[in-house]
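In order of appearance the chains are A, B, C and D, and numbering begins at 1 in each one.
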């Protein structure tokens, strides 16, 4: 039984951590922080979490929290996470940081995209990018996990085998992603109000979205050379889910069945990646509320292009579920603990 | 470890049984039937249930099934359930019937509302209406559970204490219910296609809905005399959830706080009923995917009326979750086993 | 060609006025005001209104506006409307006020429900409640129209004939209403953000909603004596539409067909009220974007209760469409001008 | 006043034709056909179209229809349209065919993609592809208009100037499209039922969708040489709207502002194409219910790629609205007649 604190627990990812951890036998939640909601019960903000009716939000007082927990989930906005992560890390705590602050290994790239300097380059060096399918062995030994972004998780898992196996040209990869609205977080914003989002569909952040360098960093790592990608996110009128449709020019003449076969072998041991049979494609609805990633693909022979589609729940495999998966790995728990739920359908 | 079969497993309630039971440590699914989908894998019909990729639909062959399971969940359409339930019951099996066939104790009432005779009056006598909050002691000893309808569950739980304590007049009770679309089942029907339901809202089955006699039967049992109610269901453009708004003329002068206090005491020991604090009202979203029922209420002093609002997930507490709860009770398992998940929000 | 100004044009009702008036041959929009958006183009706030790309929001400067328009649509929040209406009225302008400020004839009732005094009792006396189906003759002669609330429009039109003809007991009328989310206006509010509303359903304002006295005032006028009603609004995950389900105890023995017949005759000359055939009930989807009100009803013989269901689009017949209808009447235009569109379905 | 018949009027495009034409001063609907609904009133199938309560569906009896109308809208399924179009055409009638039967100029291509031969090659030669922005002059003189598909309209309008001006490489164009559910038509199909579509998102028809050759034909015409494209459609949980996100490698060094400038000039005279300002991108919600096409674009300098986004309402500019626009052109009416409505927002 480990003691766990959640820093930044009044947003959707914080609530989702609580939901998932409510089924974890080895975890005790000892603190949850929120500046704005300090003093309120968790159930005041999230009535659906009534198992936590005893839990009260407290301000993020680092000294006070230190004695309360062995492991910290950091669900703070980017930039706000930097210092607290550094503090707990240097005090010897284990940390899973759901913010973007420790994902980019190069502080200059971080500053370029996030428009704020990274002040903890030494700690940044210790962080491991927490995508278990790529970095499980490193995660096992790490104390600081940079939990991947939602879009990057969907894109990287979809492209990993195709790049690794040299099936597609790493120039001109296009990632056209579509996300449910919870990705924007819980906030008062006209643009995310019901009547603006419902019955609408739009692209946003074209060519400038901050998940771009994160995807490029990991794909470059796989390819062994620098990759630049086109990444376009879209907003879908649904609560949860990300579908990424990816396009790569084929370097070899292989047909769909053989690529799928390779993908299935590649991910065979992965508990949370399902490669679908030929002719079947992912649906965001089939992973809702679950930690699974679904992948389908097809070769367009007329254009010599490989089209890969992946689906995840942005709040689970794209955030809090993956964070718990990382916790399980670094703590030596069974990796799937508390993460085995089948998707909620319909 | 008990062996469980699901008869009629290609609809939403069948799939929901599988989803919930995937987290049950004492249950092994040994068979799932479907006439239309016989020979197909469960995952062909429900890709989200990939834990059951080994499971193949088979036709409902009663003799064959007999040896396969100790307990049968019957998720067949009404009328279709009658005979199979009778068969398994007389063979000494335990049964949780999710159809309407064994809910109405009076076969004449059944025939009046369902326009088909009840041919198994003897077995009908053995059935217990499976609303644990009302009939837990009887359920414990029963072999045949008539699992309640979704609307009745929401209405009866909301009205139970108010009628029991004589707070409201049992004449002129109005139950105005609103249900998500999964209540209609999985079927090819223009009227339930996306473009017809989305951005729409309508009443249906006004004054003739078949859940009426079921609600009346149970409320009459509580009151100790015949009750007739007005029940109007509505279709909400959402997947899951039932909200029932109920109106009763007050017989006593009590204020909201005192009634709420009584409700909280009344349901204090119930693991799945949450009575909300004054000023807070249920939201279908807060129970989605969970077995909980939320209840809120308020006295309208200007009109001397008690307004009660309840919320459940129609597929969980309104169907498959309650069925598993009943199974837990009759099998002597912990009643909450596999049912403890917090709602999926957002 | 009359000159028209819209005061408070940055909300949904303001935008809807512009949309509807874009098809009106006798109207020229000369000014649209917004304090927050002053200086911005209408199309900056509402890209869908590109016909108005020339129109710039200006602050509400009463003196300046005076010379610009013959008729003023006031789409300000309640309380904010009082003074400006009084000013334009006393300057001899024609006004259609979409706020609640001039709807309640008794200033004491206004103060009780809106928690702010009414400072213009003299002007209030001149206002006519702008429900043409009830008050067309008075509207024709009026210069100040208090445009009805959305819920009241749906409830009053549904109950009018039944009360007028003495079919139902005016005691214990229950109005259970369900509204799309645009009724809450365009605002930054977590509670109305997409992820909170979508896949949810809830009651709100139980026994305290401010449309209660407005409904009671008009129904009392019809009945010729004081009526108190139970009114419960609910929030539906859709953009537009109100369905009101209404319950009244029957005073006479009449069957559904005869009541429907009476309703059809009653509303025969009304261009925007459609009484549906027996067995057919309104759907919010069938009036979306249109100025029509649909009414269906049924007698529950088992309980001797009349159940009436009405549907309107809250932004059209429930707000801006009715406002244009009122303008047409007071200006002597054909009443249906710019209002003949069939609903947008699906 | 011309007499107009709609063949195949019980689907969404047929109903949408009726909705739009209800505001057309020069058109009288004299017949509407449906085999399945023959004998029923239009309002039995579409209660929102109550202006047409007098109109009864009749079977498609070609001889009988001949005398009834001057112009025929054909809204039949593909293949079913071939013969009837040929018949009316040879009898000298004017035809706007909303099916795919006369869109592909090469009958062999038609047969390859639609798996059925084209039996009227002579009539096919007379058909003009009815995208007014490309072929207005030909449309003016034509008697048979092949009304474009919804996806092609969105894709071609977005890419037209970029290809025409040689801004992008015509190899490797990627068209990633997302459509609301009404594109699938009105039908009883589990896959399009509310609970399957809602809260889901998926790609379909990858590399095999039948709109591919139609897009290729028109883009090839613009480029003056054969183009093959990647086209991936997706299903969005909303009623109406198509967003196409398009990617092309840049051939020249131009920045976003200059390309936008060129686009604005290119489409300057077009009544239904709106090129948005830099930094603003289309939203399906902003064109809902209208005949407008919105286009936005951005250069990704890091990858030297032009990203173009277009939005239309699939039932209006993508089907029935464009059909009316074509009718207006061939009949010599003002092109925008009955098509000027601003979008319904929210």
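By our rule, a contact is a pair of C-beta atoms (placed from the backbone, for glycine too) under 8 Å apart; a residue touches a chain by one contact, two chains touch by 3 or more.
If you're wondering where the values come from, they're calculated on a predicted model, not measured in any experiment.
**Q** By the contact definition above, name the pair with the higher C-beta contact count: A-C or B-C.
**A** If we tally the C-beta pairs in contact for A-C and B-C, the bigger total goes to B-C.
**Q** Please flag the chain sitting at the greatest distance from chain C, going by CA centroids.
**A** The most distant chain relative to chain C turns out to be A.
**Q** Between chain C and chain D, what distance separates the C-alpha centroids? Give it in angstrom.
**A** 36
**Q** Please work out the Cα centroid separation of chain A and chain C, and write it as a whole number of Å.
**A** Going by mean C-alpha positions, chain A sits 46 Å from chain C.
**Q** Rounded to the nearest whole Å, what is the centre-to-centre distance of chain B and chain C, using the mean of the C-alpha atoms as each centre?
**A** 38
**Q** Would you give the residues of chain B that are in contact with at least 2 other chains, written as numbers and ranges?
**A** 12, 182, 195-196, 198-199, 237-240, 283, 285-286, 288, 346
**Q** Taking the complex as given, what residues does chain D use to touch chain C?
**A** Spelled out, the residues of chain D in touch with chain C are 12, 15, 18-19, 22-23, 46-51, 182, 199, 239-240, 274, 276, 280, 283, 285-290, 292, 294, 340-346.
**Q** Quick one: in the complex, what on chain A touches chain D?
**A** 172, 174, 176, 178, 180, 195-196, 198-204, 206-207, 228-230, 232, 234, 236-241, 243, 245, 247, 249, 281-286, 288, 298-303, 305, 307, 309, 311, 346
**Q** For the complex, give me every residue of chain C touching chain A.
**A** That would be residues 12, 181-182, 186-190, 192-199, 237-239 of chain C.
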